[in-house]
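Chain lettering (A, B, C, D and E) follows the sequence in which the chains are written, and residue indices restart at 1 in each chain.
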Amino acid sequence: MLGKGLLQGLAVTAKNLVGSYHDPARYVTQEYPEVQPKLPEAYRNFPFLVSETADDPMGTLRCVACQICEKECPPQCIYIEKSKDKKPDATGKAQIYPAVFAIDTAVCMSCQICVEVCPFDAIKMDQEFAIAATDRFGGLLLNREQLAKPNAYYHQIHPTEAAEVDERLAAERRAAEEKARLAAAAKAAAPKPAVPAAAAAAAPGAARPAPAGSTAPAASAPVDPVPPPAPRPPSP
Amino acid sequence: MESPEALRDRLLARFPGVSVELVPNGSPSGQVSLRISPAGLREVARFLRDDAALALDQCSNVTGLDSPDREVVETVKESQPGAPGGPPVVIERKQTRIEPGHLEVVYHLYSVARRHGPVILRARTGNRTDAVTLPSLTPVWRSCEFQEREVFDLYGVVFEGHPDLRRILMWDAFAGHPMRKDYVEPDDYEWEPTPHGEVLAKARRHYPSAAAPGAVQPSP
Amino acid sequence: MSDAPTDASSPGPLSAEERDELRRHGILLTSVQELYNWGRSHSVWPLNFGLACCAIEMIAASMAKFDIARFGSEVFRPSPRQADLIIVSGTVTKKMAPHVVRLWNQMPEPKYCIAMGACAISGGPFKQGYNVLKGIDRFIPVDIYIPGCPPRPEALLHGLVQLQEKIRQQPLRGPDAPRHLRSDLACDATVPELGAEDIEPPFSPELWKPPTLVRPDKA
Amino acid sequence: MMLPDPAATGLARVRKIEGAALGLRTPAFAPEEGAGDLLEVSLGPHHPSTHGVFRMDVVLDGERIVRLKPVFGYLHRNHEKLGEGTSYLGSMPYTDRLDYLNSMTNNWAYALAVEKLAGIPVTERAEYVRVILAELSRLLNHTCLAGFLMQDCGCSGTPLMYAFREREKILDLFESLSGSRMMCNFQRFGGCRVDPSAEWLAATRTLVDGYGAFLDEFEALLSGNEIVMARTQGVGRLPAALAVNAGVTGPMLRASGVGHDLRKVDGYGVYPRFNFRVPIGRDGDVYDRYMVRMLEMRESISILDQALRGLPGGPILDPKAKQRGLRPKAGEAYGRIEGPKGEIGFFLVSDGTGNPTRYRVRAPSFVNLTILEDLCLGHSVADAVIILGSIDIVLGEVDR
Amino acid sequence: MILAAAAPASPADAWLERAPLLLRDALTGWLPDALRPWVAALLSIATILGVFGLLFAYMTLAERKILGRIQNRPGPNRTGPFGLLQPFADAIKALTKEDIVPRAADQVLHFLAPVVLVALSLIGLAVIPFGRNLVAVELEASVLYFFAAGAATELSIFMAGWASRNKYSLLAAMRALAQLISYEVPLLLSMVPVVVVAGSLSTTGIVAAQGGWAAGVWPHWHALTPWGFSAFGVFMVAALAESNRSPFDLPEAESELIAGHLTEYSGFKYALFFMAEYLGMAALSAMGVTLFLGGWQAPLAVLEFIPSYVWFGMKLLLLLLGFIWIRATFPRLRIDQLTRLSWKFLVPLALVNLVNGGLWAVTSDWTGAAGVARWVVSALLVVVPFVVLGRSLTAGYGPRTYRYASP
């Protein structure tokens, strides 16, 4: 009969009207500024750079300016300048570091490919989303200092993943130390004093940092192991 | 469904004046296609649609392809008379020639009734400038209507017999065919503070005044 | 639109009486200003206008889980005549750009613009495309930029709160006065035309200038 | 506004289309003798019911449509050109933005095409996860479509709100798995990026178990509603022969009574292992398109149930499969899957380098729009709006 | 307000019941006699404007909140406590917004349309008895006056649509006219049996006729008789259409015609339209209460201690809630279906009801078994046409069963 469907519809809306007062399934609003969203661990928004410590973020960046992420970034929102000199990284090893590292969050599409391709676990995805700005360049173009966040922060937002990364890095470091120890032992056994280790490390071509290249990649890494390529030729 | 070779032979027998060529596919997908000479394309298409065994009633996808003119460097071996008595000396000579480019349209045909496919048809234009006309297959399959308009818009292939051949994605006053490989984009790249080299060059062309050392420094 | 504030900001040397007059006026104006800003900041009605992916998140922000209605902004008006806010949510293509600017011109003052998502701000991931406008701020003055691809609905709400805050703190006189109360600024934006290769002009000269930025290594 | 001479506007032009006898094109709707002046209205590109930036140039006789020309390109963001300049992996996040309601199925279609092109095998667990995600996408898409369609019918938001309430639950699943609500960027060549955890699977199970109840409520609100039936039944009829010839795919084709579903026809992935039915309509009108989607969702629930129960162990991604720096042998491949909107296909041509030399997207919404004018002729503006809604277009995919 | 002779019934003497009159007397008592009626009239106008203005403001808020609750969300809740200041923020915004008049528009009509519309929506309220002895203007044929004023509202919508020189507005204007012609008829026809049964064309008379209780519990409200129920249904459907509310909001039809006749209106003029819609809705609901729901009469004798105007207000709010509820649930009809519903369903139903009401009036003295027969016949005269007409209206529509493809 005419009207049955209409009444059925009215019943559904009435049920929801009443339900909104007692049934949480029918009152789903999360009042945002007061109630912050419960972000899942996997949530990603924009990349940040991991530094080992909070005190000296610039000195302890894991990034060695290999520029893989810059090359792989689909929308080309990463810009890196290699340093001319080297600085000791967190482990004390002399490394090239990014003199300029900028990410234009107004271009970034949060695809996470930079994270996947980074062999140094130096760039990770942040979860901060309330970054609306009134200024296009001043507010949304993030430089090295703004991007650097300590490892502790990484642990805070992605605890499981960060623990895995730490474990992997520690294993790599141990392996590197073991190798260095063996090399030192071999050197000691050799009759003639060899070239100082620091000089060897500084030689062109050896600029490739030790950790990732020298050890087998962890099985859990989702990306295929690609050794860092030779540095890009400087742009014309 | 019959094999592409059998289909080619059947088409050749059915349409004597039409050239049907099997185009190999190097990828593991093994999707081999048939290149048809433009003159006979529509007849072949209609045959494929109406043939009871094939019943290719659906043209799923229409694609334009662009192959610009390219320089081919060939090594030509020439044998010259060598030292008297000895064997002729083979001299390798490199010669370059320009292989003329062409535009190509690819049709992916499936049969909804018989649940098979794809049969892939291809047709080439004579060149990329003046001989760019191909017969439209819209009279055979309605699904080609917008897709052929798109190929016309983005590649510049003119479809003869298309009921409404206009630009579809770009605006009517637009001049170029942007999907062609040699299309030069307008230099309006965002003048980013983090420009990559090529962007920088483009932007500099576009905004000559900006080439001077600027007042604003990038934030890093 | 009342034009009293514009009159009040007339420059020139003032006599004591005039200054007195103005002070009295100013006291009145302060309270009017507060009321006016309070009213318009709590009643920001967006234009029912979506462009691309971000539009879906914009719709999501108006849906039950996020409920933009809490801020009094759920009245998505389909006609620009009744809207206060245009949320440019998605890629503005060159073909679309004249329409967006025309919509902006059709909105009555006071009006605001939120550039939502990477594409609206800079062309985003599609900025290398031949048909993509590299940022709506080339034609429309943008109040709030919300980065993200797409921004979460919460990020849009955050942007809206920022906008409300911005409106609340706007003085009605002086150089920081809103656009519609200043006589030196044009209200209408330049509407580009579709040319043979690009839109003409590629940016609104009075609104946007190509920033003269130089890469450090080239400087 | 008033058109003095129909011939001058091209109205009188008769299109010569072969196969009109086959019913391949609806004859142009002729205005009646002395019908009076015609009104030309441009619906769009900004219009509340064009689902984005789409335009229909409509000529009206009173409220009846005598001509309708779709105008595209307002969201043409050069997807294919960008695809030619980007590596195979780099195009994956771009596919998210095609049909931005269903990034998971776009990802799958693209991954499938690349896997065909480069001959990459997919791990079994990944195949199951792909099915789960694709069917969740289908639920999401059809639910939203029903909401949007009812919005076009003039509901003041309620069905859309309920649809988005459920959508948020699915998006929460997507987000906790892939990290993003809409732009999942989840599939990889040869598998998936992340292995779903047991908690995630349990949450999916909860959602799947509760979805039927939601559908019941939603249908109680709308499916039997007399106004909905009056508005949608008999509106925008699409005959089966025209549908097939015009390349219409997906629920729209099935609503016209053609039981064509690539999950059955191509049997890609592990779909042949699941037991499900393909609902088909009879009249091919807007109501059938709506109901076929409703019924499809119930089948999706059944597929999800089977896939969750049969999910095997093993790696989610073949460690040998190359992602970065993939250089397939020169050749080409066309891969297609049954997306929620129809056949979504990718045609890739490789020249042996790291970028495809041709990257073509066969977008279902774009091809389905071919018959928009045929469906709308003779109906009123109000009908055109819901016919467009029932086609289920997403402009990101139409204009690419 | 004209003070009718006070009824001697005891509830009428209650202090609360007489509060509005006492207040008026206190305010005007010190004036000379010659001025008193004038000031009293001004006071009633001010009261109606104030009360209904406030009602409008809070109706918009209530609608947004109830719509929100139906849609599982809270609605506006941060402008002032519980969002209670939201209407005022909107008002300030609307008042200060730039007013755009398209250059091509007819400047005079474009301005006049909203003003006329609000005026016409308001003047209908003059003849509604809001409570015992609470009516602004006592007219002999107040019902006719009300409908005459109401019928003109659609004309101002046409005015707005035509004056805007916008194609969408023009289409909306044409729709508004079709709607006006179609729905004025059932609206009036549904009112006729009430007049016949009550034997009065005056609203106070009609309310008075609905006083008292059958068997002490069943109020003599018209909506509680079979013919009255049917007439009430027709009246409310037609009222929905007359006030352009969903599912009959065709002139505004957001998803089709942008904003219809409102497309070119901004700022304060738009707010006036908005106000007129709510005032029109309130006026028609008030008339519905008066004609069918016993006006200000209490539903039970024991509840008469609650003042009559409170009863009236509660009934009015109930009907308005119904408007919101319907808006939240239904999609919109198409224009041809809208007119078909009127001419093929509501009008015949109302015509049969005319007979039904006449029979009811003639048989008013039947009691006992005859009284039961009277009810049965009247009910049959409602149900049978409803089923028959409903069937013909929905011919061709209906739920469908679906097949599955063979694998």
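One rule holds for everything that comes next: a residue touches a chain if its C-beta (ideal position, glycine included) is under 8 Å from a C-beta of that chain, and two chains touch if they have at least 3 such contacts.
All values reported here derive from a predicted model rather than from experimental measurement.
Traced through touching neighbours, the fewest hops from chain B to chain C number 1.
Ranking all chains by how far their C-alpha centres lie from the centre of chain C, first place goes to B. When you average the Cα atoms of each chain and compare centres, the chain farthest from chain D turns out to be E. Among the chains in view, D has its Cα centre nearest the centre of the complete protein Cα set. Distance from the chain A centre to the chain E centre is 63 Å, each centre being the mean of its Cα atoms. Rounded to a whole number, the gap between the C-alpha centres of chain A and chain B is 40 angstrom. Here the CA centre of chain D is 44 Å from the CA centre of chain E.
Distance between chain centres (mean CA atoms), chain C to chain D: 34 Å.
Contact with two or more other chains is made by residues 169-171, 178, 190, 192-195, 200, 218, 220 of chain B. Across the assembly, chain E contributes 70-74, 254, 258, 328-330, 394 as residues in contact with two or more other chains. Those residues of chain C in touch with two or more other chains are numbered 48, 63-65, 67, 70, 78, 95, 122-123, 125-128, 130-131, 135, 149, 152, 211, 216.
The residues of chain C lying in touch with chain E in their complex are 1-2, 35-36, 38-43, 45, 48, 63-65, 67, 69-72, 74, 77-79, 81-82, 84, 106, 108-110, 180.
Against chain E, in their complex, chain A makes its touches with residues 1-3, 6, 9-10, 12-14, 16-17, 19-21, 26-29, 31. Contact residues of chain D toward chain A in the complex are 86-87, 89-94, 96-97, 158, 162, 165, 168, 172, 175-180, 183, 185, 188, 193-194, 217, 220-229, 317, 319, 321-325. If you check the complex, the residues on chain D that touch chain E are 1, 39, 41, 47-49, 60, 62-63, 150-158, 161-162, 165, 221, 223-231, 233-234, 254, 259-261, 264, 277-282, 287-288, 291-292, 295, 380-383, 385.
Touching chain C in their complex are the following residues of chain D: 45-48, 52-53, 73-79, 81-82, 85, 93-94, 97, 100-101, 160-161, 164-165, 167-168, 181-183, 395-396, 399.
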